[in-house]
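Going in written order, the chains are labelled A, B, C and D, and every chain counts its residues from 1.
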Amino acid sequence: SKNFFLLAGPCAIEGEEMALRIAEKIVGITNKLEIPYIFKGSFKKANRSRIDSFTGIGDEKALKILKKVSETFDVPTVTDIHEVSDAAMAAQFVDVLQIPAFLVRQTDLVVAAAETGKVVNLKKGQFMSPESMKHAVTKVTDCNNNQVLITDRGTMFGYQDMIVDFRGIPTMKQFAPTVLDVTHSLQQPNQSAGVTGGRPEMISTIARAGIAVGVDGIFIETHFDPKNAKSDGANMLDLSLLEKLLTDLVAIRKTVNAL
Amino acid sequence: SKNFFLLAGPCAIEGEEMALRIAEKIVGITNKLEIPYIFKGSFKKANRSRIDSFTGIGDEKALKILKKVSETFDVPTVTDIHEVSDAAMAAQFVDVLQIPAFLVRQTDLVVAAAETGKVVNLKKGQFMSPESMKHAVTKVTDCNNNQVLITDRGTMFGYQDMIVDFRGIPTMKQFAPTVLDVTHSLQQPNQSAGVTGGRPEMISTIARAGIAVGVDGIFIETHFDPKNAKSDGANMLDLSLLEKLLTDLVAIRKTVNAL
Amino acid sequence: SKNFFLLAGPCAIEGEEMALRIAEKIVGITNKLEIPYIFKGSFKKANRSRIDSFTGIGDEKALKILKKVSETFDVPTVTDIHEVSDAAMAAQFVDVLQIPAFLVRQTDLVVAAAETGKVVNLKKGQFMSPESMKHAVTKVTDCNNNQVLITDRGTMFGYQDMIVDFRGIPTMKQFAPTVLDVTHSLQQPNQSAGVTGGRPEMISTIARAGIAVGVDGIFIETHFDPKNAKSDGANMLDLSLLEKLLTDLVAIRKTVNAL
Amino acid sequence: SKNFFLLAGPCAIEGEEMALRIAEKIVGITNKLEIPYIFKGSFKKANRSRIDSFTGIGDEKALKILKKVSETFDVPTVTDIHEVSDAAMAAQFVDVLQIPAFLVRQTDLVVAAAETGKVVNLKKGQFMSPESMKHAVTKVTDCNNNQVLITDRGTMFGYQDMIVDFRGIPTMKQFAPTVLDVTHSLQQPNQSAGVTGGRPEMISTIARAGIAVGVDGIFIETHFDPKNAKSDGANMLDLSLLEKLLTDLVAIRKTVNAL
């Protein structure tokens, strides 16, 4: 009950088999550890740096897979939307609509998500301060939708790096429950090559710090075979490492709860 | 002929009278100084930090005013688009479609703009390196549209400030003609208050440096009454200062051309 | 034995009475919590931003007070040095010589500290990467002194702010035991006014994150009356808050040790 | 008379022959272009990132070479100092004492330089705002020495890069004549390897921008064989390129003077 919650799954829905396989594994772990769980998967990838990057298997096909995951394992699901018209469409299939970090300043998109009545997960822009997320949250609540989450995925530091500013967690918790995205916040955009790198060996470091400072949720992209995943392979956690990671985080959470 | 070109106008189209008044003034100056001129005006403001900010007078109404400016003064026009569906709509009224900095990683939007056959002006994301703009340009040219511009509007420096990295100008000129936005690059987002400030007294400094390093164009938001403008008043140049600014830039340009 | 250690005390030695009073209080707490403790105090402040800032009570006078604290409470002491000639002088009175962040690239100073045979505490420059501290450590070990500590005090983020990059902790632990300075890393240099501000309410946040990611030690500047301290009042922890802070950190440390 | 002045020479004094050879070449160019010239050379390099880097040929030997350059070509000279005791020593041989960027917050050092009565050239710390240089200048003028220069050498941007913030030039000119160091401001510290890289092809870009925004002086490290120089080879300008660079800058300066 006082545990953190988890948003986790693959970067993109590549197909039904992989989605169900990943969900099954995570559901098993989170049930055991009593972690409330929301399955995550993108139905399309709209903001690739290169035009030849993987963008998806088809919108409706991917959304139906998200629905199937939800029904099969009785878990809520989250996906990200990129245009106003995505909001109503995705809302038919998922429980949480996520606004990507690059798009969180797009008022029309945030309002469209809010008006579906679904939970809205606002990713903090890499170019935004924690304080400025207050205005993004207000855009949702002004639509009479009080179900808002904020997710931190790091802040731009020079052209090729990002840092998580942990001072932002208590700041943003004043506005809405706050999630730490421990995989994207380790991205290191190699902007010349157009392929993003990362430091997955640091996932445990960033996640432990997040739990210690009181995040409400953890966001993790994970795959049973990150190297062969169709997007963001450099940042995803190998699924075989998830149980140990979450077990450690639960232990720290229990200690922090008791302080 | 070897002069720089100018994209200039108000932040937002607030009405026909103000648009024509601003255009007339700038056309007079640019004709005298032999500066190729493109009238700029946003038909809506979609990425305000606060939901109570001004967003526009109506899309079609504003676009028709842009068309009227074009016909009245025989100048091309530029406006920014925020969703895929904006591209075809705006292309009926203007000559240049501009992709806002926050949205330049949205492949669908860039492709939609490119497919109209209009000139596409890609603003460098505040979170992007000059090198990474190569990929954005390629998304346009891969659609068989070779009319691309890049516009630099500064790079995030801490939460509350932006810096123009002039090393980026020669770098981006390798990919496409490169414009320097001398008003937005001086923004200082006061992210707590949700109202962006600026340092308009520095416009001349940044513009001179841009011309000295060889920018192909200059982008300026300007208004006859910046303090009462409905958006971005803190950054716009007072229209009464434009002629002196451009005269100085032309002088530097001529010197640089002769080196 | 597996607990973290603590470097703590006032920013500057303002006099004997205040030094003994602060030391007595901290010794009481750290004995109870079984935290190895090193008393910290600067014998002069050489890098003030303004010439009218407090610089000290006299070098030898302050160093003798450090010695007296050490003898009275049987604890080691640490002070920072700013010139080559400080090294041998300070080494007569204290156990750990600290190289300030601004000076950690000064080879002569680091070598002079190393050659005293004392423990050398190298503060990471606000302008340096965690990786680059390897070279600073090597300068000490090349003098046949293997007693080196690294202390992180945050990294410059824009002109007015600093961020702690927690990825740096595991990185720097590869080179030497690594300490987190939880008070200076919250500084916000108001560089126009020349007086540094801070966010002391965030000390617990930063400290908990540090313990969660495995720092070997914690560095805290503390005073019974921060507002009336002669330097760095804006960042020091009120001494009355220290016991609760350390008690919480010990609890997290025990959990992390058991993972 | 209204031209900019030049501080230029090799990074380090490697010997008499190379110093005289470089000085002769630059004196010839600056006489022709009517640029007031100050010969620059370091008598030791105290802030190397690695202990095995070149540090100098001997303090007095190098200072005597600076003196000889001054007498041979009737030009003033500048060198950088790192400790209080360097100030009086170097003042016997040179006309301008330079405070390195890392050390500009060291009050004792700045005061020692000021008290020699020589011109003091304060390099802006890579971690400092332009505004904050006001306090450094005041430390000199409070010693009744009004001969102060400020030199910008870029501002840290992420761990591996620096940017010149040209807004800083008019800001710092309010405090003292302001110089732009066009070679060090292009450094890219590869902090893992401990060897600093650079982008010498950008020297002309940065220098032109500096002249366009009104810098009072230009600082250039130059060598007839940068690749074989004993320090900072990656950033120095090849001496054979100096005349063309300065000729271009003089042309822009004349235009700017006339605006």
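The criterion applied here is as follows: contacts are C-beta pairs under 8 Å (C-beta built on N, C-alpha and C of every residue); 3 or more make two chains touch, one makes a residue touch a chain.
Everything quoted here is computed from the prediction, not taken from an experiment.
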| item | value |
| --- | --- |
| Minimum number of chain-to-chain touching steps separating chain B from chain D | 1 |
| Inter-copy rotation, chain A to chain B, in degrees (Cα atoms; steps of 5) | 180 |
| Contact-richer chain pair (by C-beta pairs counted) among C-D and A-D | C-D |
| Cα-centroid distance, chain C relative to chain D, in whole angstrom | 33 |
| Mean-CA-position distance for chain D and chain A (Å) | 48 |
| Per-residue overlap in chain A, given as positions that touch at least 2 other chains | 155, 157, 159-160 |
| Chain contact graph, described as a line, ring, star, complete graph or other shape | complete |
| Partner chain A, residues of chain D touching it in the complex | 157-161 |
| Touching residues (chain side chain A, partner chain C) in the complex | 155, 157, 163-167, 169-170, 186, 199, 202, 205-206, 208-213, 248, 251-252, 254-256, 258-259 |
| Touching residues on chain B, where the partner in the complex is chain A | 46-51, 55, 82-85, 102-103, 105-108, 111, 125-129, 131-132, 134-135, 138-139, 142, 155-156, 159-160, 189, 191-192, 194 |
